[in-house]
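You will see subunit A twice below: alongside subunit B first, and alongside subunit C after that.
Let's look at the complex of A and B:
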């Protein structure tokens, strides 16, 4: 796929970063504002789609590799299951970090309050891990579909030569 | 002709069952049982220590459900990778 015109590329270079920042904001404020890991991850994956459409496959291929997204997806899901299993002394998915004082461990006052980022225990951790997983997964779907529609521009490692 | 009569009877049966079931539904905007909602509204902020009650339900009270959602996404990625893999190896 050829890159779009210079106008489209300049607009992408200017505004794609706002999209990325907004997606990361939605992910890390998942326990305070509407949204969360899934929604913010979809926004960041839209940023990847934006870059891929505006700049074409060759540029994107020189910027990122599929292996990074594979690592993000598997790592995110593993972190999620680990955060669920670490509270196993009580129950599965027990929120053992909440109100413990350490990481994400502040106490929340009842009723309306401005909200602090360092609250909610494993919920924030799980939002981060799910966001990582959704970014990796949706970007991988995007890159796989792109390389399936344009076989001449291949992404990532070449997998030639085995089981022939 | 026999099939049409069968279809007519089954449509009437399903429609009648749906209609009789709809008579028992509570009116719109007035939920029947609220102890679950009241529990979440009263205790979610204190127990899960998160301001966003919806997130505390999704990631804490029903975390297993979210794990399933993550597994669904993982399976979708694997199936797309299997569908769009490079050809010409066999």
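Let's look at the complex of A and C:
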């Protein structure tokens, strides 16, 4: 796929970052505001879609590899399940960070408040890991769909030995 | 705190962890990936075994995910359970054990079988996700999570069925399977929504306690019945089964069988544990019996005429599921009546439960053997095969064990479970037993056909260079063959220790419900 015009590319270069920032905001505030890891991750993945459409496949190929996204996906999921396993002294998925001080361990103040970010324990941690996983997964889906539509510009390793 | 209390959670955590790390293990090369595949499978099989032993010793186990304590089902004095609850009674533990064995065999088999293909790390990840979904369906204590796990196992298996995506047939099979599964899952979801809107609970035990017999409940029951019968391949909805089973890589099919048994488990959990007290009317049991008889007969008559090994065996799955439905239908018919239960109902249930484990073992082995034939010869067509007994002697022996077991030849386990089903269905109506026997004869006929065409006859020139299949494939098949031999040679032991507790747990609605509420009464972890 060819890159779009210089106007489109410039606008993309400028505004794609806002998408990324907004997506990360949604992920980080997952336990306070509507949205969360999945929704925020999906927003961040549109950043990749923007770049892919505006700059074309060749440019993207020089910027990213599929393996990075595999790593993000596996890393996020492993973090998620580890957060669950660490609560095992009580039960699987026990929220051992909540109200314990330290990371995400503050107590939510009573009454109306602007939202305390450092609360909710493992829920926040799991939002982050789901966010990471969804960014990796959806970006990978985008790249696979792209290489399906444009077999000549593929990312990463080729398949071997399939059954025909 | 006893670490064994955590077994239900570990059963889900281990395959999940295995799935998430699988793509990373490929960085260490093929050896590490294969070692991870076998290691994680062995660990979850061990956990399943320990869970089975524990449930057999101490009765139904519950587990509250994320709770203050593992048995705190009703926190802060609530009257209904709110957290994600796992509940394992003897029937669940039995299902988990046999699914784990089938999944282990499939995993060991796949190591060599999938060797020459790329993307195996994703195959491993999907395989473990499918196993997680399957275990989840079998041990979950609430209906919404049943739906979630059903979706996890289905979505993972779409990917696995379509793994050889260069084959148009595989894509078609996966697409068909996806349509059927999604439809089924949505029906389950709507049924759950019906029950939730009526009672505000999704917990199975709590639902079984409060449920009454009305229009909403009947609608939900019909939806559950249709969806789960569809997922386990009963006859009018069986068309996805031969395609998906024949096109998936053999190791996957072996585990897919256990997945379809998990749907069957869901069906019986709904009928016995939730609706058990309303089964006095013969309507629902007869629907299940008729579905069973139709599946048996139509499945087997479709199978006899097939030319492809995989499809032939897959049509037999339809007919074997029919036996289980027949057994459980007869058991369900006798549920309201203590005398009928003692006379023939419990025998039928034992037959059904025993047939589940037998079926999973020998059908898994048959598919693995079909995969081995395909691996060795590169052909799926029976008409092109012949004289392979010379080249594949070990595969032949393993195939023979499975074929004799499925045909119900006397020393083998298929004979025992079929006999129990014949005896008990005869008490309901002789025609049912006649159908079951005719099906059994046709089953024998079609396996004689495979055996004769593939293994016997003169040596064919084009198969001169065919070698015996590699070690891991033989090992995977041997796991299942050993299970069949143990079940065959010790039928009394299997009936008393494996089957009877499971069948008892199925009819014992009170102890399933009691386990959740009793744990709360003793105070839980707080």
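One rule holds for everything that comes next: the second predicted complex is superposed on the first by the 155 of 164 C-alpha atoms of A that agree within 3 Å, B and C clash if a C-alpha of one lies under 4 Å from a C-alpha of the other, contacts with A are read in each partner's own complex, and residues count from 1 in each chain.
Following the convention adopted for this analysis, contacts are C-beta pairs under 8 Å (C-beta built on N, C-alpha and C of every residue); 3 or more make two chains touch, one makes a residue touch a chain.
No experiment lies behind these values; they were computed from the predicted model shown.
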item: Touched partner set for A:6, first subunit B, second subunit C, both or neither; value: neither
item: Which of subunit B and subunit C A:73 touches, first, second, both or neither; value: both
item: Touching partner for A:119 - first (subunit B), second (subunit C), both, neither; value: first
item: Partner chain(s) touched by A:14 [first = subunit B, second = subunit C, both, neither]; value: neither
item: Partner chain in contact with A:99 - subunit B first, subunit C second, else both or neither; value: first
item: Of subunit B and subunit C, the chain that contacts the larger number of subunit A residues; value: B
item: First, second, both or neither for A:84, with subunit B first and subunit C second; value: both
item: Footprint overlap on subunit A, comparing subunit B with subunit C; value: 73, 77, 80-81, 84, 92-93, 95, 159-160, 162-164
item: Subunit A-touching residues of subunit C, taken from the complex the two chains share; value: 6, 9-10, 12-13, 16-17, 19-21, 23-24, 63-70, 84, 116-119, 164-167, 170, 525
item: Complex contact set, residues of subunit B against subunit A; value: 45-52, 54-56, 58-60, 63-64, 66-67, 69-71, 73-74, 76-77, 80-81, 83-84, 86-87, 89-90
item: Touching residues (chain side subunit A, partner subunit B) in the complex; value: 30-34, 36, 38, 73, 76-77, 80-81, 84, 92-93, 95, 98-99, 105-108, 110-111, 113, 115, 119-124, 126-127, 130, 133-134, 137, 140-141, 144-145, 147-148, 151, 154, 159-160, 162-164
item: Complex contacts: residues of subunit A adjacent to subunit C; value: 70-71, 73-74, 77-78, 80-81, 84-85, 87-88, 90-95, 157-164
